[in-house]
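Chain naming follows the written order as A, B, C and D, and within any one chain the residues start at number 1.
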Amino acid sequence: MATIAFIGLGNMGGPMAINLVKAGHKVTVFDLVPAAVKTVTDVGASSADTAVAAARGADFVITMLPASRHVEGVYLGESGLLAALDSNTLVIDSSTIDAATVRKVAAVAKERGIAMVDAPVSGGVAGATAGTLSFMCGGDDDAFAKAKPVLEAMGKNIFHAGGHGAGQVAKICNNMLLSVLMVGTSEALRLGIDNGLDPVRLSEIMLASSGRNWTLEVYNPAPGVMEKAPASNDYKPGFMTELMLKDLGLAMETAIASSSATPMGALARSLYASHARNGNAKLDFSSIYQALAEQ
Amino acid sequence: MATIAFIGLGNMGGPMAINLVKAGHKVTVFDLVPAAVKTVTDVGASSADTAVAAARGADFVITMLPASRHVEGVYLGESGLLAALDSNTLVIDSSTIDAATVRKVAAVAKERGIAMVDAPVSGGVAGATAGTLSFMCGGDDDAFAKAKPVLEAMGKNIFHAGGHGAGQVAKICNNMLLSVLMVGTSEALRLGIDNGLDPVRLSEIMLASSGRNWTLEVYNPAPGVMEKAPASNDYKPGFMTELMLKDLGLAMETAIASSSATPMGALARSLYASHARNGNAKLDFSSIYQALAEQ
Amino acid sequence: MATIAFIGLGNMGGPMAINLVKAGHKVTVFDLVPAAVKTVTDVGASSADTAVAAARGADFVITMLPASRHVEGVYLGESGLLAALDSNTLVIDSSTIDAATVRKVAAVAKERGIAMVDAPVSGGVAGATAGTLSFMCGGDDDAFAKAKPVLEAMGKNIFHAGGHGAGQVAKICNNMLLSVLMVGTSEALRLGIDNGLDPVRLSEIMLASSGRNWTLEVYNPAPGVMEKAPASNDYKPGFMTELMLKDLGLAMETAIASSSATPMGALARSLYASHARNGNAKLDFSSIYQALAEQ
Amino acid sequence: MATIAFIGLGNMGGPMAINLVKAGHKVTVFDLVPAAVKTVTDVGASSADTAVAAARGADFVITMLPASRHVEGVYLGESGLLAALDSNTLVIDSSTIDAATVRKVAAVAKERGIAMVDAPVSGGVAGATAGTLSFMCGGDDDAFAKAKPVLEAMGKNIFHAGGHGAGQVAKICNNMLLSVLMVGTSEALRLGIDNGLDPVRLSEIMLASSGRNWTLEVYNPAPGVMEKAPASNDYKPGFMTELMLKDLGLAMETAIASSSATPMGALARSLYASHARNGNAKLDFSSIYQALAEQ
């Protein structure tokens, strides 16, 4: 079993750290919020007063932070983690941030002989709690091989997408596509309903046809089709509109930097931005269905 | 076994009629093109000089025609089929046309005591030949129940979408969604490739994640990912750009009539219209991927 | 002065007919709504009990009707106007309908030796009342030349767009473009405001730059920039969202029929459809600005 | 007359500096490309070996650089301009860059007591040569008042958009709107042409109606309508597709940062990205018209 420092115990990080403890790892955690720390120490983790203290002597450092600036803040600079770690430690950043920041931090790490893996996740709070997250990893083969067994304590699918930053790129490609599936499926269901079809029957037909996609399988956006989907529970998240909007922002920034054309992804970002502004930021992202329905 | 008249022996109708013959039905065909007729009589069908002659005494009349005006032309008017058939015959129209025309023809049929089912298909020429089409049917429960065994000789999935026209609505909802899946998947793959990812690996990741959809399963638009997909065979169809454009036109006309909002479907139609105009009308519809790639 | 029959006295037709009376023409009107008739007879028009009775002996018949089916109903069939008129009468249809219906009616008219002009208008109720409408006309040069003096009693700009139906095509091209100007201008103003700019100053800058367009000139969608614009008066119409949606539907049907690519026009239609469904159908079409603003 | 240092003598900067010399200012220039320097010294400017040497003792420093990183490179750091200038010098940056970089540089300038104005331009090479550029300025009232007379030697319209960065925001709002006008006008013209209208006549009609916009006035995208427009000269720029794509990238980054919804602007960016990838990066941006036309 490994010695692991876990930095960042939010909605996702908390249950992820707990799963590491349950798997038998020796986990030391750090977060600015005492209550978040307590949740994890209650199940057997230690805690530390600073990120650096938590990381001292660890085999693995895992960070789960809200945005690029937090990741830079924790790792870089004279008082950052990379200045304090020795080269035996493997760094795993599971935050969803832009690939450019990943590459910048990984380059500093490399100068100090420290291996790093970017490993953003999909699967939401439910997946974090159940230990069924998907990890999309970027980094060298060796680093990925070393990280994988640890990630398996928190997730079901552990993918190696490519070099540094590739995990982030894979995640935003996937989530951009997910947003398109969600809007497209909502449109198709509404068009059917507006023309007299029953959404349950239409969903069955498309699920068995070339319209099949993840949202029809497990996350139908029309109320009443799937009992457990957010759509049937007042669009309680799930995955919030504002988080999808954040991921689409990352996707668009990536597309701008690579001069890529993403007409549907770009449209999805604007539809979600408008939807968030109309009071739906905290609703599940499948609530975009409502923007197409008679209010 | 049933006595069946089959009208319209194009790329789809020909192999569909052949499958009916192979299933042991007594089939009489009609088409204006002698070569098309010969293909089916060669395997054992009879032929007739007019649609009405083919239909005389049949248990079932099946039509597979290019557009609404052909369907109206064959069924309506003094010399049309509905004036000639008796009420024992079940009419099945498998053409992809607008739901309004279906309802108009079905209403005339009803006046004469003739039951009708609209039963457009998906699955393309390959599915027609293999007998694995999906049929999306509209009509009364009784008529559907009577049509189903006959359709099973030509297809694998026989869906009952609702009343008259519901088959057409279900089909265009599905195909509109398919177009969105195709464009969205193409964008996600290109965005990944533009940022250094391998399309095979990215496809695997998204297929196992929330980006999963039919195009990633069986019809990947990036060349080289799937050996048998059109993308790996110079985008030889498959399902042509101009046919997707036709279906998207039907979807948009339906959306206009019901005041439905279909932002992604509408965008897909314009992208396909532009793609067709740029010389790609006869390529497979997955070639929209190329519009996003460096030429 | 001419003898004119005017059929259809709605929000637009009423004031148009009144302007014909004021210009000294001998006007006989017909409408199903007695109150609408009275408004025009009060200023000196005669009325008739049927459209045919109103049209008897007239030099000009002008119709202003809500949709294609009404135009077909009034003109075609055994009891329609075209069966009753003689070839000295010039028919002017000012309804906004699809070009195909115009061509169908014009063809029947031609068989009977009756000349016809399609002459849809822009300028709204305010323009109809003030006599400052724009007419976009389709038809032969002779017919246009004959219609022009009469139209000048109701409008300021009388354009000859081309042959039969060209007036309708010009109008929907213009109105599709207008919808794009309105949404694009709303986006640009919101983006500026969201980043600290004053909408008045930003409007001045864009008006003097390459962003200049009709909406910035006379119809600014941001509240408070123009005192008399609908935006500064709770988006009271003006030109209602649902009417713009109707025109965009006609534009999209035309685009589908000609396989034209209209990515922005198609997006505008879906944004307006969604906007209408969210309770804004009766607001001015510049209220699309609100869909982009924090609610 | 003022002493002015001008840094960056590209396609735009060169003619701008020449206009300052012609207006009687004492101009010292710096650029890495000797030929670019020579063009301006030929008309009477002095040159210097470094940016800092050029700026020494100047009343005004004007920079015209390709991207944010160049602006940061020239101004910031120990050997940058801001470390060398004294507080009598007014800094004017006419580069088109993101507002965040402007604010960062302006903050450093302020610490050193140096006033700064961001003053991006529109009008293209033709406007730079003719001295008819539009300047959209951000900065304090005093700084703007001081900069204005100098800018008037290079431009016709000098706008004060607001505080630091507001010039950049105004420019990208305007150019995002311009891209929407261009695509929307192209669509409307193509839709008309596809339905039998003459583009000259349709342009006249829309120019006199609510579709009026800058592109119809001076930059018609349909070949043959305006003799001097790029469209009538094989789409020779003018304003290149790749430059519009750059500006749309800046606009989208700004929209992402402020969570703004820009559906049309986002669509325009993807259409231009696709257009650039299809071999049109160096053509005038009005060539987007061709993407909608039969090839």
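Just so it is clear, a residue touches a chain if its C-beta (ideal position, glycine included) is under 8 Å from a C-beta of that chain, and two chains touch if they have at least 3 such contacts.
These figures come from a predicted structure and were not determined experimentally.
With centres defined by CA atoms alone, the chain at the far end from chain D is B.
Two chain pairs, B-C and A-C, are weighed by contacting C-beta pairs, with B-C ahead. Here the CA centre of chain A is 51 Å from the CA centre of chain C. Taking each chain's centre as the mean of its C-alpha atoms, chain B lies 38 Å from chain C. Within chain D, the positions touching two or more other chains are listed as 255, 259-263, 267, 271, 274, 277, 291-292.
By the touch criterion stated above, chain D contacts chain C in their complex at residues 99, 122, 134, 136, 157, 159-163, 165-166, 169-170, 172-178, 180-181, 183-185, 187-192, 194-198, 201-202, 204-206, 208-214, 217, 219, 251, 254-255, 258-265, 267-268, 271, 291-292.
Those residues of chain B whose C-beta lies close enough to touch chain D in the complex are 263, 267, 274, 277-279, 291-295. Contacts from chain A toward chain D in the complex involve residues 245, 249, 252-253, 255-256, 259-263, 266-267, 269-271, 273-274, 276-277.
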